[in-house]
Amino acid sequence: MTGLSREQITWRVAQDLPDGAYVNLGIGLPTLVPPFVPSGREIVFQSENGLLGVGPAPAPGAEDPQLINAGKQPVTLLPGASISSHSDSFLMMPGGHIDIPLLGAYQVSERGDLANWMTEGDGKPPGVGGAMDLAVGAKQVWALMEHTTRKGEPRILERCTYELTAPRCVTRIYTNLAMIEVRDGLLVREIVEGLDFAALQTLTGAAIRLAPDCRPMRTAA
Amino acid sequence: MIDKRVADIEAAISGIADGSTVLISGFGDVGTPFELLGALLEQGARELEIVLNNAGGGDDAIVKLLAAGRIRKVVCSFPRSSLGNPVFDRLYAEGKLELELVPQGTLAERIRAGSAGIAGFYTPTSAGTRLAEGKEQREFDGRLHVLERPIVGDVALVKALKADRWGNLVYHRAARNFGPVMAACGRLTIVQVKEIVELGALDPEQVVTPGIFVDRVVELGL
Amino acid sequence: MTGLSREQITWRVAQDLPDGAYVNLGIGLPTLVPPFVPSGREIVFQSENGLLGVGPAPAPGAEDPQLINAGKQPVTLLPGASISSHSDSFLMMPGGHIDIPLLGAYQVSERGDLANWMTEGDGKPPGVGGAMDLAVGAKQVWALMEHTTRKGEPRILERCTYELTAPRCVTRIYTNLAMIEVRDGLLVREIVEGLDFAALQTLTGAAIRLAPDCRPMRTAA
Amino acid sequence: MIDKRVADIEAAISGIADGSTVLISGFGDVGTPFELLGALLEQGARELEIVLNNAGGGDDAIVKLLAAGRIRKVVCSFPRSSLGNPVFDRLYAEGKLELELVPQGTLAERIRAGSAGIAGFYTPTSAGTRLAEGKEQREFDGRLHVLERPIVGDVALVKALKADRWGNLVYHRAARNFGPVMAACGRLTIVQVKEIVELGALDPEQVVTPGIFVDRVVELGL
């Protein structure tokens, strides 16, 4: 069961971003989200390195090498954008000004603990970046991840086995198989076509509940 | 679409609840949103806690709010005015007005902490003085510091020079003062500006208050 | 014994400001200092309300009503000036970036305690403004004051009787009668012409010492 | 007269002592003062503690300083590079390099605290995680916070776009990042700029780093 592609996961997330939201894009999957925002909605994307109002990737040859996002990729600024120093930019996260950080995740627990900065030793020094700052403060934190590891082991667990980024922060999980709300446990709101609830449970390391209104997971037409 | 512009000052000030903590920008008269304060007087919210550097003087809108009995508590650094403020002085002397006196830099920093999700900070300012009484004091590197707690505003009333429809702000000269730090701290931030400009007219490098902190802007031409 | 006029005190202080110094001007006497800076020296005056590089008073009619100093008087900006928010401006004081705050004082103790924000009840609510922030952090704090009260009572004391602004902060005192360094007690560096050390001691509420190189207090020619 | 301009990069970097704590601006390559770092390599100071967001990569000047054994400790948020940094990885694995890993926002805030004379602050960031181990944790309003202490730099090396002889700075786009907060925190702040402009050429409203924080500026044309 592979379910959605990476593009399909980010398309699905983009459909849920409300008009006018301030959204931080973590590195990895989240940076793929912006092109999929439905037309007519205005979303202000923040990049932790001091950019608010990040626009699409620049045309080849038109890059400003000093205008990059958190993933160090060249970006543009929209009309209405603003630049902040790092200390001013990071006011926006723990201070709760960002409506929704979109974060990649290695693991999420049934109570919303997030692990997204450190796996078991690859021998290299660990890096945390802005992960911990982004995970605190916002009322909603959406985690984007593959439902299982490449070996098929669950990433959604009763307790994270990797080091935590922050406890009890994730409010919603988008995977290649399902959209799950973290609300007194794990509530399945959508499942990809062709997968049933029992099969999803076997791929999940914590008890899940089926929402009464659970729907097939939407994908781009 | 994001459009924080509101049609008039009544719409700008609407919805402020009784008992709100209201941050008010300005240093003396400069940068003080007197028109929003006038509208607040009309709007009617009571039992307000106001946070500002000075506390009005002469017959300005802050004095009028005090005189109308709408203010329960003032958090400020300097509640004295060269124009005099006999209303404040009388209410204070009669015990009808609570005053929390805060050193000016500590006031700015407590508001910044509120905007940044910082639960407290240790500053040397006021350590060993009467204003530190009742607060935790602690030595770091051989020097006494005071634990100061954040201030969070239910509402921030701010005056700026220009805004766009996203709420980005620039200020004029010394009228910047508490504007940026208070704008970032209000759960509801309401800004009066001289002029609203087209989105994109403000250089991203020169925006002082990013629009993320702002909820409503009203153009007053002054 | 009246000694120096207010202008003469501020003239005397101005002579000691080193070229290139960053100097905060407290309200009252200190705001009179800038015109007396000897020509050829570049001093950057800060006003706590976010101005760095304050220039002379504007010509009548040329005032910008939104460009005022800490005393709420109209000022100008010099080439090289900058504007900061209050939170950025007040980084400069406890952070030790201001070389010399010049502060008015009600009382100074022999160990450098400063009292300059609250006298005994005039019935009005107390105001502290930026006094406490300015008094901490700088390596040097210069207090400007009349040597005694109008009733002739000393303002330089073993212990301040008024509420403190900050303990152990003042490093130098300029009065209408003397210039005194606070260094393991009170060291008299200059006395006004016509006053001897013994007479100065009777006007001072703490023991003073005579510097070996004590000179007559300089005044403008 | 105040004149913070220095003639060349050797003069800019002179006088850095062994054992210094050196703050280095930049996020990835952007805003990183590589030319000052190259001069620091020539200058010879050893046993340095460097504070920066990333820790170099490829064959940049930070990697060269590491390879030359000049760095004792790295304080950073993300010591990994898409270009790879095998020198860092080897020194770290061999225990020859101390690493203090700090969340990015906490890093910026600790540097700001250092510049502001704040002895510590309570942040929710990292509370309940491995990075809070050994630090004081304390509940405020029902939520766990971590006490973080300030970072003060003996030296700050910063890249900006323009400066004047008073040391006022403006930056270009995302190259602003850690520049303003680090410039304010260095006991000795050294800045490389593309262009030095006449005093008065920078609008006071648009100065991002006031000259008070800057000690030396050197014009490099890039």
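Every chain is named by a letter (A, B, C and D) in the order it is written, and numbering of its residues begins at 1.
Everything that follows uses one rule, which is that a residue touches a chain if its C-beta (ideal position, glycine included) is under 8 Å from a C-beta of that chain, and two chains touch if they have at least 3 such contacts.
Note that the coordinates shown come from a computational prediction; the quantities given were computed from them, not determined experimentally.
*Asks:* In how few steps can one go from subunit A to subunit D if every step must land on a touching chain?
*Replies:* Minimal hop count between subunit A and subunit D: 1.
*Asks:* Between B-C and A-B, which chain pair is linked by the larger number of C-beta contacts?
*Replies:* Answer to which pair has more contacts is B-C.
*Asks:* In whole angstrom, how far does the Cα centroid of subunit A sit from the Cα centroid of subunit C?
*Replies:* 55
*Asks:* I'd like to verify one number: the distance from the centre of subunit B to the centre of subunit C, where each centre is the average of its C-alpha atoms, in whole angstrom.
*Replies:* 29
*Asks:* Need the CA-centroid distance for the pair subunit A / subunit B, whole Å please.
*Replies:* Once rounded, the distance between the two centres reads 35 Å.
*Asks:* Measure off the straight-line distance from the CA centroid of subunit B to the CA centroid of subunit D, and report it in whole Å.
*Replies:* 33
*Asks:* Enumerate the residues of subunit A that touch no fewer than two other chains.
*Replies:* Counting only residues that touch two or more other chains, subunit A contributes 77, 83-84, 90, 93-94, 136-137.
*Asks:* Give the residues of subunit D touching no fewer than two other chains, as numbers and ranges.
*Replies:* Within subunit D, residues 109, 112, 116-118, 123-124, 171-173, 204-205, 208 contact more than one other chain.
*Asks:* So which chains actually touch one another? I want all the pairs, not just one.
*Replies:* Pairs of chains that touch one another: A-B, A-D, B-C, B-D, C-D.
*Asks:* Given the complex with subunit C, which residues does subunit D contribute to the contact?
*Replies:* Residues in contact with subunit C: 1-2, 112, 115-118, 164-166, 168, 184, 199-200, 202, 204-205, 207, 210-213.
*Asks:* Using the touch definition up top, name the residues of subunit C that touch subunit D in the complex.
*Replies:* 19-20, 22, 40, 42, 44, 46, 52-53, 77, 79-84, 90-98, 136-137
*Asks:* Taking the complex as given, what residues does subunit B use to touch subunit D?
*Replies:* 109, 113, 116-124, 140-141, 143, 145, 149, 170-173, 204-206
*Asks:* Over in the complex, which subunit D residues touch subunit A? Could you list them?
*Replies:* For subunit D paired with subunit A, touching residues are 27-31, 53, 77-80, 82, 88-89, 92-93, 99, 101-109, 111-112, 123-131, 171-181, 208.
*Asks:* Across the complex, what residues on subunit A touch subunit D?
*Replies:* For subunit A paired with subunit D, touching residues are 47-51, 64-68, 72, 77, 83-87, 89-90, 93-94, 118, 123-133, 136-137, 163-167.
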